[in-house]
Amino acid sequence: MLELKNVSVTYGTIRALRGVDLVAQPGQITAVLGANGAGKSSLLRAIAGIAPVSDGDVLYRNASLKPRPAHQRARMGISLAMEGRRLFRHMSVEENLLLAWSFGPRHSPFTDAVQAVYDAFPILGDRRSIKAGMLLGGQQQMLILSSVTIREPDLMLLDEPSLGLAPIIVSQIFDFITAYSKARGTAVVLAEQMAVMALRVAHWGYVLRGGQVVMHGASDELVKADIVNKLSAAYL
Amino acid sequence: MIFAAQLVFAGICVGAVYALIALGLNLTFWATRTMNFAQGSLMMLCAVIAVGVLSGGFNIYLGLFAGLALTGIIAAATEAIAIRPIAHLTGSMGWVVTTLGVGIFLQGFVSKFFGSQALAFPSFLFSARDYVSVFGIRLSAQYMIILAIAVLLVLLFELFLKRTAWGRALQAVAADQDLAAVMGIPVRVVVTLSFIASGVLAGVAGVLVAQITGTVDAAFGFNLLISGFVAAVIGGMGSTWGALLGGIFLGIMEKLVGGYISTAAEQGIAFALLMVMLAVRPEGLLGEKEFVKV
Amino acid sequence: MDVSWRSRAILTTIAASTIAAAIANATPANAQTVKIGATGALTGPYNEFGEGVRRGALLAVERWNAKGGVIGRQIELTLALDDQLVPDRAVQNLRRILDTPDIDVIIGPGGSGPTLAVIDMATVDGRPYCNPQAQTPSILYPDGLDKPARKNVISTAIQNDVEATALGNYVSSRFKKIGLMHESTGYGVSGIQLLAARIEQLTKTKPVAIEAFNQRAQDMTAQISRVQRADADVLVVIGLGADMAVIRRNMLRLGFDVPLITSGGGISLPYKEGAGELAVGTRATMVGTYGPGQALKGMAKELADGYSAKFGKDRWWGDDPASPQLFFATTVGAGFDCANMLLEGVRRAGSTDKAKVVAALNALTGYEVANGTANFSPQEHKLLTPEQIAVFEYFKDDKGQVALRIAKQ
Amino acid sequence: MNTFRRLMGRVLGQSLLALAIVVALWFGAGLTDRGTVQLLSFLMLNILLAQSINLLTGIAGQISLGHAGFFAVGAYVAGVLTKTHGVAVPLAMVIAIAASALIGWLLAIPAGRVREIYLAMMTTGFGLLCFEIAKEWSVTGGVVGLSGIASPTLRSLQVFGWMVDTVDLFRVMLVATAIVLVLMRNFVQSHHGRSFFAVQASEIAAGSIGIARGQVKRRAYAISGAMAGLAGALYAHLVGYLGPDSFTITRSVEVLVMAIVGGMGTIIGPILGAALFTWLPERLQIFAEYQFMVYGLILMLIFLVMRRGIAGAITEPTRFIAPRAMKRRPDDAGKPVTLQAESNAPQNRPALLEVHDLGRNFAGLVALDGVSLALRPGQITALIGPNGSGKSTLVNVVSGIYDPSRGRIVLGGDDIGGEADHAIARRGLIRTFQDPRLVPCFTVRENILLGGQRHFRSSMLAAALHFPSTLREEIAMVRRAEYVMELAGLGAVADQPIESLPYGYRRLVEVGRAIMADPVVVLLDEPAAGLSEAELGRLAAMIRYLRDAGKAVLLIEHHMDFVNDIVDDVVVLDSGREIYRGHMQGMRANPAVRAAYLGVSQDCHA
């Protein structure tokens, strides 16, 4: 589905990502773990086409994404949820969703699609006409996530969906992601700092540090191998 | 009473035209954070082309179409050759020079090939004599139609922004280009389209003003551009309703000042108002404060 | 910082000498010819005026040269500089002209702004100077109309007071409540003051309203409503044609359908075309030279024929192939007359010595040019007097076309 | 090309060349015709105007589209005083300059509140307002204008009985312009000039090193106004007639175009731009009625040819340190420069910065929730925590960028809660930013020197006149900067513009700038992010240097190895609260910390 070959990302003169290889399978969740500054975001942005790939190649359905600008990749079913509460704050919840849907593949009519979102996250339904900027942190994360799912993507790139959220909401969100990807066979790349929680839901795990993959493997194996301490070594 | 009503009415109509110009400026501001100083010349050009086609023995509406098409194209070209290439030179202010250059070029072009003396612009929307009278107040048909067209366009535009995918895409691009891109919005196309739209709006405004004045010449449009700026800023850059409100507010203000205080003070007061407005409320009447993150 | 002292010194001297050399450029020219210097709006938004003057002057020069020149010398229009009606550039141009020693006579810029900016320079310099178009009286009479004129300055312009007198005489005898409007320029302001004074002097009553407007304003509702509220039975406007058209249309929008009587601007094509049908009934003052329906004769004919022969019937000529538009008199005509009078001055002085020529011009009488006959004296330096100003009126001719005719007195 | 630029830079940089040009013009004016002299006089005016707008827009970053306004004020004040009130010309000129300076200062008050396009509109409005006043007011002669002002062209300009002719006036203008240029160069190459640039680059960053942005803006407007006023006064006497047509928005735009095309932010640029656009109209006359189109095309395409204006194309950018200050005298070469060190500080010394129960909310959500800290001299405290745990908010509140919602901030005994950021910085609390905020066009040296702002004492006048005291001050600071650069291992790139250097250098430079400030307390916001191993080493050395000098250091960092090596103790935040305080080992073992980072909740064990 998705394959990164020795990808490096360079902003001006900093190399945020150094020769990363990564594979993501349909219907499975691939967790990218690491402290902040480890290069998780750069990785996802590189796949989405808004980060300058200085080296290596990103293959999607066995075709190179090099010649594709970001908006074309989005049309091809790749959808990125950026971190940092990136959404259109001056637009209402529903307008955000509508915008996301309008420029997606539009497999199902908006009314159904948006209903699906509101079923998954009733709170969004209640606040559909509130400006996104006015939402609480958790609700914003839900909206960002929904702006991705409403596009019914084949490849979901989620950047720290748990950021600054209470554990209860986090697990709620993670459960949703798992169910969604199972149901639709969507490939998910999940950039997370909350390693343990992420590995609970993920099938595969990659640990980044200083822009490089320091370990990777099936999540259960990672967990078996007393990941937590290894990770805390990697993080702390 | 009649006197005041006449002033207000005229103010509203003239203000509506200001609003159109302001709207055009808003568009380019959203798309590129720049102001197109050629906007005034585009207004002029559209009217002149219409006259030219007419004098060529063709139908006026054909002329208008030609004019609008041309202004749209030129606006897009302006973005491509005068703004995009230097966009990355932040703080260089280059766009002031380049867009101004476009404007001056167009002025020179027209005064060379159409002469520098005012050209007659035909009345194709009623004649100055036609009017309807409401409660004994005489409302010029030409002004009514101009007001109608201007307001209609503003409304249509607001609808376009709020109701259509491309309208929302435009807002998205204005707010956050990266996010817009990952949402699948072709940013470049949106920018170009918004310039075309701004050109067309300028063209329409030019034609409407030419309807009022009856003539158009090479220097036509620049002082209107200023009024457009003022209207846009008073209303709040980037707000459609603001543009309309700001335009009409400015128009009425000018006329009332002219009518009751002194016709000489009209302009001066408008500019003083602009400065006060900016000092007190930089984001304008309906503008939204931009949140600056540290 | 590490350039050696010697190389610095060399550098310094080289730079110094080159620059000195570069800017020290004396312009040699043969003193055989009588030379005219001129500045005007040859290009840009106002070249309707300047370019016309230049062509007129050119025609005059050719006319004289054809007759063997003046005081045995050929004549050339050596410097014809472009100021685009921008005061600063007019100043720079005139400076250049005044500092070219072998320029004998000067034709100044058009428009009051540039002329006011340069006229004092010209006075101080003392060489014969002709003002083709600027209408502000202080150009000829800095100390007031009753004081003597600037010695070396003559004018072919319709001076404000002349226009005001003509307008004043016409309206005072016909209307009671007179409303005035003027463009807020030097021309408009001084013009309206003189007109108001004239009206008051003749009717013993003040005008009921005086309103100002900016050139190129799109809407004059405020001004016109004020005049309307003052219940005027006539509106007299001093300004340009395009603005007149706006005013005329605006009047009718407001249902203020009183007669419109205007300064020369009302005659121009922009007004005629801009107002279209609505122009009918409008009256305006203008030099009568190329008035409709009268057979051209004398210098006026000579000029018209010469022009159409050399330049064809272009936008200066106007839309009637039969005879030039009235405005022809104040553009091409002005340049033509300026050059002729200046050269006649040289002829009568028998030399190009500025004192002699100026003296000759101050005594230049009975000399016929296109727009009239110069009868100068130390007090009188302007060609056009109220007598040469006629009132014209737009009417619908039998073909249903809007046309001009002399208004019945 | 670059070698050419360097050569030109060297040549044009020659003060002797400048002198040569002035001398040549002085004598050349005598030899040539007065038409050319007149043109040269207008050139001087344009240079003054272009430099005036350059100072305001190019250097202080405050775009002006209303310079015709200042020009008009100067011209009319001079004109009215001399003609109507018979004031002596020199006195009138001084008053004119003062008047337009005052107007500038006043304009700065509203204009200081707005940015970019809004500022452009504000200044446009100002220019047009001045025009309208000139047009309608009787004192200015209204539309008819003001004629007969004492002027050489009228042979009526007398100063102390000396009849000034066109050439004399030109020479006066020449000298005036030369003096203004010299003063301006000195000013730009002083800490005042650098503070202008700092405000342009980033008002926040300027505040963080103790520059009061409001004051800087007012000064910029006043000086710029004064320069334009001088031009106006000279103009009045050059032409002898003032009409409103000379002060339209077109004039404002022309001036701005001159400066931009010439090259904003440089000294030579506006001069070249003025020269170009003074001669261009004459040259363009050969294009006859096409000249408008040609002029338009030139403006349209100039930046495709020269991206940074003429100056950028033909010479190297101006530098912002007085060259004389760079020539170090041999005797004190190599002497180490040390900061005033509170020598090896015992742990029990009283805290330099104390934060009590600090809280901050943004529109409902709580970013900081009752955090307390004490930073002691000679101690490095690490502040860590997952994203969004409130670390940066803490720094922003303490450094005065945000006001606290509750709690107290005590620096060296006094409560600084709610004080302006620049005031706090002047007290010696210096912070760095996650994204280094430097002046891009400045060299490493200049950027580091900026840190010294809070120590400079010399006045603007002293700076412009280049007093010895100013020079001494500058030399001392330059030498301290040298020392800081050695410390940071930046000596090799000292004279390279920061924008041309790799990212890592910027971080080091920003920390260097903080050291240069000789602070009391330093807050470093993720200084290690994106640094190579080698750079990390240097960074560590710099931070240790601060500690040894007895400064209190707060270090926000994710790079744990780095933190591990240098900090004394660590505070961990999570969602705005402190969850751990103590040494590193303890932190690693601490379950709450693990949970915060890894999402292990206490109940379950992975």
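Think of it as A, B, C and D in the order they're written, each chain with its own count starting at 1.
We adopt the following convention: a residue touches a chain if its C-beta (ideal position, glycine included) is under 8 Å from a C-beta of that chain, and two chains touch if they have at least 3 such contacts.
Remember, it's a predicted structure, so these values are computed and weren't measured experimentally.
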Checklist entry - More C-beta contacts across A-D or across B-C? => result B-C
Checklist entry - Quick one: chain A and chain D, Cα centre-to-centre, how many Å? => result 41
Item to check | chain A-chain C separation of Cα centroids, rounded to whole Å | outcome: 75
Checklist entry - Centre to centre, by mean C-alpha position, how many angstrom separate chain B and chain C? => result 36
Next on the checklist: As a quick test, compute the distance in whole Å between the mean CA positions of chain C and chain D.
Outcome noted: 51
Checklist entry - Going by the touch rule set out above, which residues of chain B reach two or more other chains? => result 107, 111, 264, 267
Next on the checklist: Where in chain A do residues touch two or more of the other chains?
Outcome noted: none
Checklist entry - Which chain D residues touch at least two other chains? => result 136, 289, 291-292
Checklist entry - Between which chains is there touch? => result A-B, A-D, B-C, B-D, C-D
Item to check | Touching residues (chain side chain D, partner chain A) in the complex | outcome: 363-365, 386-389, 501-504, 526, 529-530, 558-560, 575, 587-588, 593-594, 597-601, 606
Checklist outcome for this item: The answer for chain D against chain B in the complex is residues 57, 61, 63, 65, 109-110, 113-118, 120-122, 124-126, 128-129, 132-133, 136, 200, 204, 249, 253, 256-257, 260-261, 264, 289-304, 307-308, 392, 396, 401-402, 433
Item to check | Residues of chain C touching chain B in the complex | outcome: 43-48, 184, 211-214, 216, 218-219, 221-223, 225-226, 229, 241-242, 245-246, 248-250, 252-255, 268-270, 273-278, 315
Next on the checklist: Under the stated contact criterion, what part of chain C meets chain D in this complex?
Outcome noted: 1, 3, 8-9, 11-13, 15-20, 22-27, 42-44, 47, 81-82, 86-89, 91-92, 95-100, 112-113, 116-117, 119-121, 124, 136, 138, 142, 184-186, 188-190
Next on the checklist: If we count contacts the way the header does, which residues on chain B are in touch with chain C in the complex?
Outcome noted: 3, 6-7, 10-11, 13-14, 17, 107, 111, 115-123, 127-129, 131, 138, 140, 142-143, 209, 212-215, 217-220, 223-224, 254-255, 257-259, 263-264, 266-267
